[in-house]
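Each of the two complexes below includes chain A, the first together with chain B, the second together with chain C.
Let's turn to the complex of A and B:
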C-alpha cells in the first residue's frame, strides 16, 4: 500500500473516529455508549493495520491485534459484566444539555485543527490529520467524563479518550516502540480491573454508584 | 558492568519480596521482610549514588539510566521506605488489634506496598520516557488499591476519585510524550532509534522544533502536574492522602508526588534545550504560585488532621514548582533541596497523625488535644514537624524556602515572591495554631492508650534527625548531588 493511500485511509478513519466520539458523547444509554466505544477501538485497530501495511512495520500489526483483543473485546466485555453484576438501569443521567456538549465538542475540533495547522514541519512525521483528531478525541473524551455522573460512563469516556492517544501514537513516524505500547495496554487493563473492582465493591456494600458518593470535601 | 546491573537489581528487590510475602501469614515475619527489603533498597541506592557521583551517568538495557537527578529521588524514596517500614511494625500491631485491618489481609497489604515502592523506583530510574509513563500509571494502580484498602465507603470514594482523575490526567502526559517523540524522530530525519530515551532527546534538544516541544510540555505539565497535585488539578489529593493507611499516606505525600515532579523535571530539561528556560519556567512559576494560593484557605479552615496535611502537600509541591520556575542554578538547587526536605518532614508529620488518630479514634483536630501528655515523643515530633512545615529555623524547610526566595529576588520575580511570602505567613499562623492546640491542649476525655511503640519512635527519630541536620547544614555529599542535579536539569 502506498503512503498516499494510507494517508487517505487514515483521514477517513479519523473522521469516523470523531463520529463515534460524538455518538458516545450524546448516548443516552450505557449499552449504546459501550458498543460505540468498541466500534471506535475497532477503527483504531484498522488504522494500525493500514499503517502497518503502508510502512512495512510488523510492530504495527501486532499493536492492531493487541487493540482488537483488549479494547474491542476485553474492555467492553468487562464493562458489560459490571453492568450485569450491578443490575443497574441503562439510562444515563446527563449533567449538561446535549446542545451545550455538542457546541463544546465542535469548538474543540475547530481549535485543535487550527492549532495543528500552525505547527509546521513536525506534522510531516505524523500521518494525515492524526494529530488534531487525536487531540480532539482526547478532549471530547474528557467532556464525556465531565458531563456524566455514572461511574461506568466515566470509564467509557476514559477509554475513548485514550483511543485518541493511541491513534496519534500510531501515526507518528513508525509508531511507538512495541514494548512501550504493550506496557501502556497492560496499564489500561489493570486500571480497568481495579476500577471495576471498586465500582462493584461500593455497589455491594452501600448499594450506590460510586460516582454519586460525595462525602469527602473541604 | 556490574554497577549498571544494579539499576535493574534495585527494583527487583521489592518485586520478589512482595511475591514472597503473599506466601507468609505471620504479621511479624511480614514486617521483618518489609524492613529487610527497604534496608536492602537503601544499601543499593547508596551504592548507585556513590557510583553516579564519582563516575557519571549509569545506563542499563537502553531503558534505565541513573544521573544526579535520579539519585536525589532514589535517596528520598529509599529513606522514606525504610522509615515507613519501621513505623509500620507498631502501627500495624495496633491496627490489627483494633480491627482496622483484618489479619488475613496482611499479606496483600505488605505485598502491595512493595509493589508500590517498586513502581516508584522504576519511575525515577526510567530513561525511556514511555517506560516512565507506564510505571507512573502503575504507581496509581498499586496505590489506589492501598488507598481503598480498608474498603469503607470513604476510602473507596477517595480511591475512585484518585484513580479516575489521575489516570485521565496523566494520559495528557502520554500525549505529550508522543509529541516529543515525534519531534525527536523528525529531528533525527525520521529515525526512531532512541527517540524515546531521555538521554538521547536531551542531547539533541536544541534541534527539536520548539513549537511542538511547547505543546508537548503543556500536555506533560498538565498530565504529570495532576499526579503531582499542582493546583488546579489537585482536587483528588486531600481525599486520597487522608483516606490511605498512614504509612501509605506518608509515601504518597512524601515520595509519590515527587516522582510525578521527576517526570516534569525531565521534560523541563528538554523544553529548556529546545526553547530556552523562559517558556517552561514561566508555566512552572504560574502553576507553583497558583498551588500555594489555592491551598492556603483550605489549610486555614481545615479540621481534619490528615486532610490538612494533604492540602499542605499541594502548597509544598507549589513551592517546588516555584523554585524550578524561578530557575537558574540557585532556584533549581532550592527546588531539589525542597523535594528532600518536604518529603522527610511530611512523612514525619503523617506518622504523628497516624499515631494520634489511632489513639484518639478521630481525624478531627478539635478532638485531638494534649498529645504531648499522652504520647510525649509523638507530641514533641508534632511540634517539631509543624514548625518545620511552617518554615521556621532551625528546621530544614526554612533553608529551602529561604533559597527559593533568594533566587526569586535575585532574578527579579518580586510579585511572585511577595504573594508567596504573604501565603507562607498566613499558613505559619494557621499551622502553629492547629499543632499547638493538638500538642498542648487539655485532653477532652480520659484517653485510654498511653505508651508508644518503639518502632514508631525510632522511625520518627530518624526522620526528625534528618530534618534537624538539614536545617543546620547541607552535608557535602548531598550538596554535591543537589548541585549536579540542578546542572543536569538545566542542561549544562
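Let's turn to the complex of A and C:
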C-alpha cells in the first residue's frame, strides 16, 4: 500500500473517529454509547492495520490485533455485563446539558486544529490531520468523563480518550515501542476490571451508584 | 445566446422532471416502509392518485381566514418550483470556477426559496386561526432555526473546495479538482443525512403519516387546507423532498452529464434515479427503525448535525 493511499485512508478514518465521538457525546442511552465506543476502537484497529501495511512495521499489526481483541470485544462485553448484572436503567445522567457539551467539543476541535498548526516542527509520517484529530479525541474523551454522572459512562469516556492517545501515537510516530503499547493496554484492562469490580461491589453492598459517594466528603 | 438557451431549457426540463418524479419518490418510500412492516402497502403511484383526487375537490375554508389563506398554497408551490429550477438533476456542464451556465441562482438562494415556502406555509396556518395550525407553525419554525444554519454550513464545506456556491458549478466541477471524496465530505454527508430527515419531515423529527397526534409538525399546518389548495401544498412537499435529494446528490455524488449527448444524459438520469432510490431506502429504513423523538429532544438530535457540519467546515479551512 502506498503512502498516499494510506494517508487518504487515515484521513477518512480520522473523520469517522470524530463522528463516533460526536455520537458518544450525544448518546442518551448507555448501550448506544458502548456500541459506538466499540466501533471507534474497531476504527483504531483499522488505522493500525493501514499504517502497518503502509510502513511495513510489524508492531503495528500486533497492536491492531490487540486493540481488536481487547477494546472491540472484551471491554464492551465487560461493560455490557456490568449493566446486565446491576440491572441499572439505560438512560445516561448528565451534569450539564448535552448541547453545551457539544458546543464545548466544537471549541476543543477548533482549538486543537488551530494550535497543532503551530507545532510546525512535528514531523508526521503519514498525514496532516491525524495529530489534531487524535488530540481532540483525547480531550473530548476527558470531556465525556467530566460531564457524565454514572461510572459506566465515565469508563466509556476513558476508553475513548485512550483511543485518541493510540491514534495520535500511531499517526505521529508509527506507534510507540511494542512493550509500551502492551503495557498501556494492560493498564486499561486493569483499570476497567477494577472499576467494574468496584461498581458491582458498591452497588451490592450499599445499593447506590458511585456518584453518590460525593456525599460522603466531609 | 445558444448557450443561454440550452441552459434555460435544461433548467426548465430538469425542474419539470423533478415535479413529475416527486410523488413517485414518496410512493416508493411508503411502499418500502410498508414492506418493512410486513404489509402489502399501496402502489407506488398512490400519491399521484391522491393529488388528482385533491385537485378535483372543492374548497372549504374557515370563516376567519383572509384572502391570503386562499392564495398561500399557490405561493408555496411557486417558491418550491423556483427552488427546483436551481438544482442540477442530470445535466451539469463542466465549468472552470465561477463561470456558470445557469444564470438563475446558487445553493443559498435555493435554501432561501425553501425557507420562503416554509414561512408562507406557517403564515397561512396561523392565518386560518386553528389551534393545531398555530402549534404546527410554531414547531416548524423552531425546527427551521436549527436546520437552516446547519444546511448553510454543509453548503460552505463543499463550496470551499469548489470555490463557488453555484450548485451547477459544484456538480459540474472537474473531479480532479474536487480532490475526491475526502474526510470532511464524510462529516458533511453525515450532517446532511440528518438534515434530510428533518427537512423532509420524517420520523425521528416529524411523522408524515398522521393527522391525529399532538406531535405533528408539517401536517399540523396543512389541517385547515382542503381541495386544490391542499393539493398544491402536498405537491410542494413532494417536490421539496426530491429537490433535497437532488441537492444531496449534486453536493456529494455529482455524476452528471457534461454535455447534451443522449447517452451521457441517460447515464446522468440513471445515476440520479439510483441516488434517489438509495436515499429513499435510507429514509424508509430510518423511519421504520426509530420512534419519533420528543419535541424537546429535537434540539439535541439536530445539534449533532450542526456540530458535524461545523467540523466539516473546520477540517476544510484549518
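Here, the second predicted complex is superposed on the first by the 209 of 218 C-alpha atoms of A that agree within 3 Å, B and C clash if a C-alpha of one lies under 4 Å from a C-alpha of the other, contacts with A are read in each partner's own complex, and residues count from 1 in each chain.
As a working rule, contacts are C-beta pairs under 8 Å (C-beta built on N, C-alpha and C of every residue); 3 or more make two chains touch, one makes a residue touch a chain.
Predicted model only: the values in this text are computed from it and were never measured.
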{"item": "First, second, both or neither for A:99, with chain B first and chain C second", "value": "second"}
{"item": "Touching partner for A:1 - first (chain B), second (chain C), both, neither", "value": "neither"}
{"item": "Touched partner set for A:151, first chain B, second chain C, both or neither", "value": "first"}
{"item": "Most chain A residues touched (candidates chain B, chain C)", "value": "B"}
{"item": "Partner chain(s) touched by A:119 [first = chain B, second = chain C, both, neither]", "value": "first"}
{"item": "Partner chain(s) touched by A:74 [first = chain B, second = chain C, both, neither]", "value": "neither"}
{"item": "First, second, both or neither for A:184, with chain B first and chain C second", "value": "first"}
{"item": "Of chain B, residues touching chain A in the complex", "value": "128, 130-131, 133-134, 137-138, 140-141, 144-145, 148, 151, 153-154, 156-161, 163-164, 167-168, 171-172, 174-175, 178, 181-183, 185-186, 190, 192, 195-196, 209, 211-212, 215, 238-239, 242-243, 298, 301-302, 304, 307"}
{"item": "Interface residues, chain A side, partner chain B - complex", "value": "115, 118-122, 124-126, 134-135, 138, 141-142, 145, 151, 154-155, 157-158, 161-162, 164-165, 168-169, 172-174, 176-177, 180, 183-184, 186-187, 190-191, 194-195, 198-199, 201-202, 205-206, 210-211, 213-216, 218"}
{"item": "Residues of chain A defined as touching chain C within the complex", "value": "8, 11-12, 14-16, 18-19, 22-23, 26, 28, 98-99, 102-103, 105-106, 109-110, 113-114, 117, 129, 132"}
{"item": "Touch list for chain C against partner chain A, complex", "value": "180, 182-184, 186-187, 190, 297, 299-301, 303-304, 307-308, 310-311, 314-315, 318"}
